[in-house]
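What follows is a set of structures to go through.
Below are two complexes that have subunit A in common, paired first with subunit B and then with subunit C.
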Partner chain A sequence: MRHGKYPFILSFLALPVGLYAWLVLLPFAQAFQISFTDWSGSSNQFEYIGFDNYVNLFKDDRLVLPALRNTGIILVVLPVVTIALGLFFAFMLNIGGRSRQGRIEGVRGSRFHKIVFFFPQVLSLAIIGILWKQVYAPENFGGLITGGLEAFGLPSPVNGFLADKRFVLASVIAVLVWSAVGFYLVFFSSAMASIPRDLYEAGIVDGAGRFQTFFRITLPLLWESVQTAWIYLSIIALDVFVLVYMMTPGKGGPDGASEVVGGVIWKYAFTHGEQAFASALGVVLFFAALSLAVVSLRFGRRERIEF
Partner chain B sequence: MRKPPTTPNVSRRRLLGTTAAGLAATSLGACATSGGDDDTEDVSVGDDAENPFGVDGSAPLEVVIFDGGFGNEYAVQHEEIYNRAFPDAEIKHTATQAIAETQQPRFSQGEPCDVLDNSGAQQIPMDALVTDGELAELTPLLEAPSYDDPNVTVLDTLRDGVLTAGTFNGKVYALNYVFSAWTIWYDAALFREKGWTPPETWDQMLALCPDIQAEGIAPWTYAGQHPVYLYDMFLMLAGRHGGVQVLKDIDELKPDAWHNASVVAAAEAMYGLWEAGYILDGTPGIDHIQSQTAFNNHEAAFIPVGSWLPNEQKGIAPDGFEYAPMGVPYLEGSAQPGLISAGGDEPFVVPEKAANKPGAYEYLRIMLSQEGAQIFGDTVQAATVVKGVELDNPAAKMTDELVSNPEDLFQPRFRFWYTKMNDEVRPALGALMSGENTPEEFIERMQTVADETAADDSIEKFHHDA
Partner chain C sequence: MATQTSIETRKPPAPAAPTREPRREGAVMNVFSHAFLWLWGLMVIIPVVWIVLSSFKTTREIAGDPLGLPAAPQWDNYASAWTNGNIGTYFINTLQVMVFSISGTMLLGAMAAYVLARYEFRGNRLVYFAFAGGMMFPVFLALFPLFKILDNVGMLNTYPGLILVYIAYSLPFTVFFLTAFFRTLPTGVAEAALIDGAGHYRLFFQVMLPMAKPGLIAITIFNIIGQWNQFLLPLVLMSDPEDAVISQGLANLALRQGYEGDQGALFAGTVLAMVPIFIAYVIFQRQIQAGLTAGAIK
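Now for the complex of A and B:
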């Protein structure tokens, strides 16, 4: 069967690789090309202007710089909080329960909790946006949180959370965490299921509490999953746009307080008619995502434990 | 632009090189930034009053309609009129809300539609289209004999001031088909019941506010998430005080235009509404639907919206609600108290590279016929830019009175001319009216962005009456 092996394999690869090249690689390459032009997006005329777009990117303190700052904040906060909550819930639902007759299991009703936590994952982002927009609304317009705070006599932002520069970004991040945590709960749960029970039993026999079990056994053995989750969440963080678009005043406001890179790319490409500038920002984002993935894979590398 | 190789001397290396370049070029041919530059034909006005543009009756016509508040039923009927004259013409009718998504790529491929209703949130930026030379001038249309009377040109059938919005440096590129005005709305029935007089001046309005509040009603609300609803209110307040030239200076990015005393006075007056607590709580956090609902529910007495409001609220408005428009109450010592932001809206454009330009002009001519305008009036209860179409609702009649003096019609343009200014004025107005920015800070931010725009050579500059 040696003869004709490569043509056979190639025939399988040609279509997917071709499609990938045509639909993914080529547009990417084109974004690079466009970013060196002054193309508006609504014409087939353009001129090459070198690195001007890239230079101007970092002078734009109305949209680009706030967007970079906000995306940076999301990039740090979103993975940390989501992974911490995901791990905590997964641990409680699988291992953290009171041990009965030496069996290790989760807290009561863990199956029910798992499903409930997973709910947001089923909703589309657009629906989540509309839902939470109402939850965050001003008190006299039926806002749930503002209304709740008011009912307990606590101060709440009179214009709702999304129209307040101090809270808008945190509010968006909270929704992102809320919608992502269920998935990572299930993700970590399945990873935990592959950790041999005897390790825990040995730990418990040696007198380890929940806290020690988690940090000494669970977390080290889950490291690879955590790392994967980190990369996924970082990509989500770089990409976050739909929620900002759906929920915030002026699709990134009030007054630029929730601009994110994805949103600014969209604004420049479609409302400003500056496709080339948008492409330049897209290229920057591309390299940011790439280096992020490389860095986290490089520095997160640990010895694999076989069991 | 690619050039053919000049030397016929072909070496092996050169052959490989050019083949590679050719391959690269052809593969890019499928992509966004390529596409040939088609020859564009110029349309001239002929002698035949029935068919002044020399339409080829067998040529297909492609019409793209923004399927928003006005729907697209009226366009279907306009197309029927077109087919009456040219039964063989196949009309491709597209109704969509995603104008930029569906049409922008076609512009960049050099294969746009013939008539485009470039409206809605997904409008393709007009300044970019004009600067790129992608739009056909509408002069032939305006000079052509009108559909109904060969002795009257199309231009003479239009209301005053309606071409301004589609005019860029003296050239008309868009036909704004709907006549609309930005006004302040109140419920006339409520005002009658409470014995309130609709205020003429800002001071009268301020004097009325405590009475309104005493009834448990907030004096003002607006679409806080879209502060652009405040744009015309603010600018008319300034323009009424200082005269229209103040606004023209702002539009034309004159130095210190924003520092003009009238503009400062208007900013202070608007800010004063917030300071005095005359704005419905939570207003900065609500959208246009919520603010209009609050207005319908008598939670607020005044709301700035365009003249489409009564149509939009048809079927939603509470029984007995009487939408009544008024100009923004003018400040003490106003030089031009009748000034009002009114003119054309809903821009229809003909792409420069349209395949059937004569057909596109003819289609617009049909839209501007008495029959075409009446169709629009009947189907959506809104006025078109054509003179002499009667509308049968009180709000439209009251609006007509407000816009009766052609001298007082003016549409502030800078937000349409300069996207960068548009991007700043919206949040700035929002910040001013929610107390985030003081009037001084507001004026400084606007002056700064105006100066930056003026200094930026890459931005094409526009002027009034060029």
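Now for the complex of A and C:
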């Protein structure tokens, strides 16, 4: 094993590490550097201005502050709703349809449900954006929801859901949840499959109902999976951009009601030509992601239950 | 996870009152949960079926009669999406990019992961964490410097540039996942091969890669879906609409139809983009689900 080990290691690592350093690590490092300058991005002239960009970030109440607020909302709502629905569906499909002679199994048609629920996960966000933009469209553009509400004689927003300040963010979050639930259903299902059946059977013998089974047996044993799901969804929440870009008026409107941090970085970098400012916001996003991961790893840890 | 029955609960749960009526609760829950499952199923199916129906309608029907069926199927929409909308070109563009980006990702990812998983050397952990940490980086932060870097070497707006970027940004997860996978492979076979005189290279290509097949397949599927759906990187790095990949092309089409008002063609294009994914999904449904969730479960 010793003979020629280091040349081998080097030859295998050189290309991947080189490419990764060049196209991933270097741009990230440069972005940090740029965030302390006043570089516009187009010229070669810039000066270091310390933390000015960071200070100005929190004065920008037109784009940055609404974006921070909205991304904050998504960061809370998306994981909570998606995990709750994912757990509920996974439980129903794997364990919920119970008690044919005390055997534990999912409700009927669970295979079909899994296939259907997961489908949005393989669709691109561009497709999902086009699809849902039309679903939310105003009634006179043939929107599905507005048209449906109309058919029942119910009121609906005149300009559709996406052009309405009150509904636009919730509408985007709903689409995010819609596309993510299937993934977490399958994810939690595989975790549930590794819980030994006799635990449930023992629970039933002791007279536990479905609620008790879920909260006393399933949830504690799935804790690690829930934690992983939470990190994944938080990162997705911080990176929301494509749907806002595709669906909302003005890529973040109306009136900043659906601006998100990713979208604002993109706007400053590629349409306003304020590179340094965009980078500063990117750095803030970076540390948000980092602290989320650290927090969840440090405080989310529980005693591991072995079975 | 062996089926050991030694359970270390934190504290024994309080004994439940056995006087509950589990049957009643069961019946109500059954109706409720079944209804909810079907409701969610319909929420997935209806918009998709509806957009397929709409793709056969005239623009007037789409706006005027959203809930009705098309009076006569408008195949024109599809012709228009394919030719004016360039959906066909976008398909080919995407395939051209992905043939190279996927094989490159898998080859480089497997090489790095294998060395990191099976060889002791200084800096092993550092390289590993550099890759793994990349999974968390918000890509927005890197966009503009990346744009400049490619511009400086003349690779902006070129497929080789885009391919290298796809590979580089797929590496973190690929390396992370495959490292874990290579660690699980038995050492006995590798040692036997070395004793038989196989070199490090032969050991990798002829012994370890075949053994790692299940992991490689799972992560290949993951990367195919990820790169097929990639939107942000091509949006920034490929500005010529002729060269657009499929997601980006659809977005351009959506933007254009906004002005031209040819909704039918837009939906036809969307359906065309959806069909190959749908077919692949129906056939490989199990593998795709396993592939996409594999990394999360490890």
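Annotations for the structure displayed:
Basically, the second predicted complex is superposed on the first by the 288 of 307 C-alpha atoms of A that agree within 3 Å, B and C clash if a C-alpha of one lies under 4 Å from a C-alpha of the other, contacts with A are read in each partner's own complex, and residues count from 1 in each chain.
One rule holds in what follows: a residue touches a chain if its C-beta (ideal position, glycine included) is under 8 Å from a C-beta of that chain, and two chains touch if they have at least 3 such contacts.
Because the structure is predicted, anything quoted here is derived from the model rather than measured.
Set against each other, subunit B and subunit C touch different numbers of residues in subunit A, with C touching more. By the touch criterion stated above, A:158 is placed in contact with subunit B alone, subunit C being left untouched.
Legend: residue contacts after superposition of the two complexes on their common chain; A:125 is shown touching subunit C, with no touch to subunit B.
Judged by the touch definition given at the top, the superposed model places A:255 against subunit B, while subunit C stays out of reach. Of the two partner chains placed by the overlay, only subunit B lies in contact with A:43; subunit C stays clear of it.
Of the two partner chains placed by the overlay, subunit B and subunit C both lie in contact with A:30. In the superposition on chain A, no contact is made by A:77 with either subunit B or subunit C. Contacts of A:148 after superposition: subunit C is touched, whereas subunit B is not reached. By the touch criterion defined above, A:285 lies against subunit C but remains apart from subunit B after alignment on the C-alpha atoms of chain A.
Judged by the touch definition given at the top, the superposed model places A:62 against subunit B, while subunit C stays out of reach. Within subunit A, the residues touching subunit B in one complex and subunit C in the other are 26-27, 30, 34, 41, 140-141, 270.
Residues of subunit C that touch subunit A in their complex: 1, 3-10, 13, 15-16, 18, 20, 22, 25-26, 29-30, 33-34, 36-37, 40-41, 43-48, 50-51, 54, 62-67, 108-109, 111-112, 114-115, 119, 121, 127, 130-131, 134, 136-146, 148-149, 164-165, 167-169, 171-172, 175, 194, 199-201, 204, 225, 228-229, 231-232, 236, 246-248, 250-251, 254, 263, 266-267, 270, 273-274, 277-278, 280-282, 285, 288-289, 292-293, 296-297. The touching residues of subunit A, when paired with subunit C in their complex, are 1, 4-6, 8-9, 12-13, 15-17, 19-20, 22-28, 30-31, 34, 41, 85, 88-89, 92-93, 96-99, 107, 112-127, 129-135, 140-144, 147-148, 151, 178, 181-183, 186-187, 190-191, 194, 196, 198-199, 206-212, 216, 220, 225, 228-229, 232, 235, 238-239, 241-242, 245-246, 261-262, 265-266, 269-270, 275, 278-279, 282-283, 285-286, 289-290, 293, 303, 305-307. Subunit A contributes residues 26-27, 30, 33-34, 37-46, 62-63, 137-141, 158-160, 162-165, 249-250, 253-256, 267, 270-274 to its touches with subunit B in the complex. Subunit B meets subunit A in the complex at residues 27-28, 31-37, 100-101, 104, 107-110, 122, 124-125, 127-129, 131-134, 224-227, 280-286, 290, 294, 299, 419-420, 423-424, 426-428, 430-431, 434, 436, 458.
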